[in-house]
Structure formats: C-alpha cells, structure tokens
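Letters are used for the chains, namely A, B, C, D, E, F and G, taken in the order the chains are written, and counting of residues starts over at 1 for each.
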C-alpha cells in the first residue's frame, strides 16, 4: 500500500454493494448518506491525545467496515478510487 | 450479530410502536423527532476518553431503549433495517 | 417507574401550572420558553466525566423542579406524557 | 426562598433602576441589552468541574449585582418576577 | 470604586481619544471595531480554571489598556459611562 | 528554506498532478476539494498541547503528502507558490 | 515600544511587500486574505494554559513573520499603523 495515513486516519477501498458478502448488507444506490461498506487497506498509528499519548486504532488492515457515504476524502491511486477517513467515521466492523 | 460497533456505538433493531409491550409506550407515527423504541443487538467496547481510558457502556445486548428518531445511521443487514447510534443518543432503558 | 434514564438524564412528569402548590409558581400559558414545573420520577446514575469518574446527580426522585419548556424529549408512557431531559436543563428545585 | 438553584445558578430579584441606591447606577429603559441590577436571593452550591470538584460561588445571598438584561430565565414565583441565571452571567457586584 | 468585577472581568473608563497622552494613539472616530483606550478602574480576582485554580490577572488598577470597541458591556455608574469586559478582550497595556 | 513554520505548521510545495510519480495518484483538475500532492519543505517544532508539552511532528522534510486542496494559506516565495498548512490537514504520506 | 501585549498577543509592524527583502516574498496587492509580512515589535509573556502554566512565545522581537491579512486588530500608534494579533495567527518566521 502506497498510502501511509497520519494519526487516526485510515485508507479504505469501497466494496461493491451488489456483492452481498460477507455481511449481506444491501444499501439501495439512491440512498442519501447511507453508510457504505469498505475494506481497510491501511491504518494510521492512532489518534494523538491531549495528554501526549496515542490511542491505538480499533480497526486493522483487512477489516470490512461500515462508514458514512460522504465521510472522508476520495483519492484516486493508480486508477483505483480510495477513501481516506478518520476512524471516528467508521460505524462498525462487519464480521466475516 | 454480524456488526461489531466501534467505540461507544451500539446497533439497534427498532421495536414496532404498535406493539405496546414491554413498556407500553405509544408514540404517534406522525410525531416529529419523538423518541423511538429499539432493542440493543450489539454494543461497542465503550467511549474512548481523552485520558486514554475507555468508559464502559451503560447499555447491554437485549436492553430495550428509547432513542431519538433521527439519531444515528440506518443500515440494512440481510433485509432487516437496523440503526447504528452512539450511546449518548439513548435516552433511557425501558424496564421489562 | 419503567424508564431508567442513562447518565445525567432524568425523567419528569409535568406539574399542572394551574395547581399553584407547592411553590405557588404561576407561569402564563402563552409564555414562550418560560420554565415549567415538573416532578422528578427517575434519575440516571450521573454525568460521566472525562476523567472516567461519574458526577452524582443533584436532584432526586420526588423533587419538584423548574426546567426549560422546550428542553429534553417528550415520551408517552402508558398514556402519560413524560419528559426525558438532562440535569443541566434543570434550573432549580422548588422547596415544598 | 422557595427556589434552590442547581450548580452555578443563582436566583435574582430585579432592583428598580429608578431607585438609584445603593450603587447609583442609572440605566436608560430604552437601552438594549444593557446590564441590569438585581439582588441575589439564592445561590447554588457552585459549578461542577470536569475534575469532579465543585467551584465555590463568587456571589452570596444579599449581594446586589449587575447582569445582562437578557441573561437567564424569568420565573414568576408567588406573583413576583425572578430571574434564574448562571453566575457567569453576573458582571460585577455593586458595593453598598 | 463601587463595582467589584467577578472572575476575570475588569472595569474600564474610556480615555478620550483626542487626548493623545500617554501613548499618543489616535484612532479615527469613524473607525469600525478599532481598539479603544481605557483606564482600568477595578480588576476581578482572576479567571477560574478547570483545575479549580484561579489565574491571577495580568492587568492592574491604573493601567491604560487597548480593548476592542464593541467588547464587554457598558454600564452607567453615577452618570459616568464605564465598560465591564473580560481580561481576554484587552489587547495590550499602553506604557506611560 | 527561508520559511520556519510555527508550532504544528508545515510548508509544502505542490507536486504537479500530471507527474504521476512517486505514488501514481491522478486527481482530475476539475475536481473540487479533492486532496492534492505536495512535498514537505519545512516542518514546525510540533503542536503545543494544553499540558505544556509539544507533540512531535508526524511528517518530515522530503515527505510527499496528500492534503486538502483548500487547506492552509498560499504564499509566494521568490516566485514559487508554497502552501503553509497544519499537520492535521495532511491526510497521508505517499510512500515512494 | 509603548505597547505591552497581553498573554499570547504580539505587536507587528507591516513590512512593505514591494520591498522583497529579506525573504523575497511577493504577495500581489489584490490578493484576498493572503498572508502578509511584518516585523515583530513586542511579544506578550505567553499563552496561559488551563493547567495554570504559561507557554513561552515562539517568536521574538525583531522576527519577520508571515501572518493572515485580516488577523488581529489594527491600531495607530504615533501615526504608525500597527497590528496586534495572537501568536497562533503567525504562520511562519521568515529567515533573514
């Protein structure tokens, strides 16, 4: 992975909603601001706290997660659309 | 449960308002932003604090709770409409 | 009481303003956003602090309190209109 | 006093601006958002801090204070118009 | 001085801008929101901190200061126009 | 480098998006608020924390980073357009 | 210098943008909200922290700095236009 996210940011590749595995979640295309599924490709070192400590991330590379449709920033890496967002924009991990 | 919520998020399945048990609460359908009832299906590990600690959740799986109608994000898992919201959006637990 | 409020939330039953006891407070009906009287029916365990501690509630069940007219969320429990609000929305306790 | 204010709230009875004692302050009636004078009737236990401590109030019952005209909430107790506001809305104590 | 400001508030008497001493500052009357000069008449005990401590004030009675034209609240004490503002609204002390 | 950024600010020189090395990222010109690539020319000493400590920067001179198109302030140094932004505006480091 | 800035404020005299030394930065006059150059004339004792400590300033008298065009407050001292701003409005120090 060429992107190394800073702090509590993570890099995600959207998972096709038509592909209903692994969680079987179907989100209608016309839905506005409905959460979307994505696979975590890279995870930053964690959120820096006011105490000077760093909070360990709660997701890891390979996790399939639910995140807000309009959360984060889209980047195009080698022709592939990725999303860089903060861990706090992740709603839940979808168990395989 | 296929969803594993992060931090202080919880997953809820709405409980039909017409079904007046267990709390007997009736909320007119046309009500705007009135709290709704739901059953807690999954609970995250708790809210991360600035001190680096984690606050234990105050609800648990199986609780029937009141929450704001427009709180959280709706997701459709295997054809069932669920809501992912933060524990702070829960107003009260309805005792059985 | 069937509702168990979370954190620093409390459940209140409005007290009829026409009934001038116990505090003798009269608030004209047409008043906009004037405080209202209510009896505390249930009290949450207290406000969670960033330190991980919990602040003990300052009101208790049975207290008659003044609170903002539009504070909190209205719920209808067994046909009775109740209000779930945060303790910080309570202005004062009315001594009997 | 029938009202027991919570936390850092205080109860105030407006002092007639035409009566120029004790501070001799005159504030034209048509002034918009000019501070007003009032006598402190009741004082809450103090502001709860994030550390779990309580900050002792800086005003006491009997103080005549300056406060913002539109600060706080007006309540009518036994026919008398009172104001419940936060200590932080008090600008200064007027020395007798 | 009849006013005893609370916390980090101070009481100021505007200094005539036409009088160019002591700092020689001239601020055109038509200027909008330009800082103004004033003499500090009274100083509160200091800003209360979240730790429960009090921060000592950085100005003292007799200081001539620059402050925002629309900062604070104007009060009329014994016919004299004064300003009650927070120390954080003071930009600088003008050395004599 | 003539600019010495303060605190958690960094100085960046935009990298031509047509040049697809080193990360191969292509961001269409007409994109609105899409992240852009830039090379870090200078890094401040780090973000000052409320505790009085300083958080060490997470980027270093020479890093190629992704940052928000409209983040920071543009400055023109010796005819070259640079951007001064906060480290928190950096999304990710692009590995060479 | 007649002005003694409070806390984390500093006093700046704008440096003519036509004069391209020392940093050689040219900022077109018609630019909106582009940073400007200025020389630091006076520095306050530092930002007071919530802990009660004071953070030492990161700039010193004589520094030439970049700051936001509309940051701070303009004052006219002895016919000279100065700017009082907070250190956090300073983007970078320009090395001579």
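The working rule: a residue touches a chain if its C-beta (ideal position, glycine included) is under 8 Å from a C-beta of that chain, and two chains touch if they have at least 3 such contacts.
All values reported here derive from a predicted model rather than from experimental measurement.
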item: Chain hops separating chain F from chain A, counting only touching neighbours; value: 1
item: Chain D and chain F: spacing of chain centres that average the CA atoms, whole Å; value: 51
item: Distance from chain F to chain B - Cα centre to Cα centre, in angstrom; value: 41
item: Inter-chain centre distance, chain E versus chain G - centres from mean C-alpha coordinates, in Å; value: 23
item: Sites on chain A at which at least two other chains make contact; value: 50-51
item: Order around the closed ring of chains, commencing at chain A, then chain B; value: A, B, C, D, E, G, F
item: In the complex with chain C, residue positions of chain B that touch it; value: 23-28, 33-35, 47, 49-51, 53, 55, 58-59, 66, 68, 87-88, 90-95
item: Chain C contact footprint on chain D (complex, rising order); value: 1-7, 9, 11, 42, 44-45, 48, 50-52, 73-79, 84
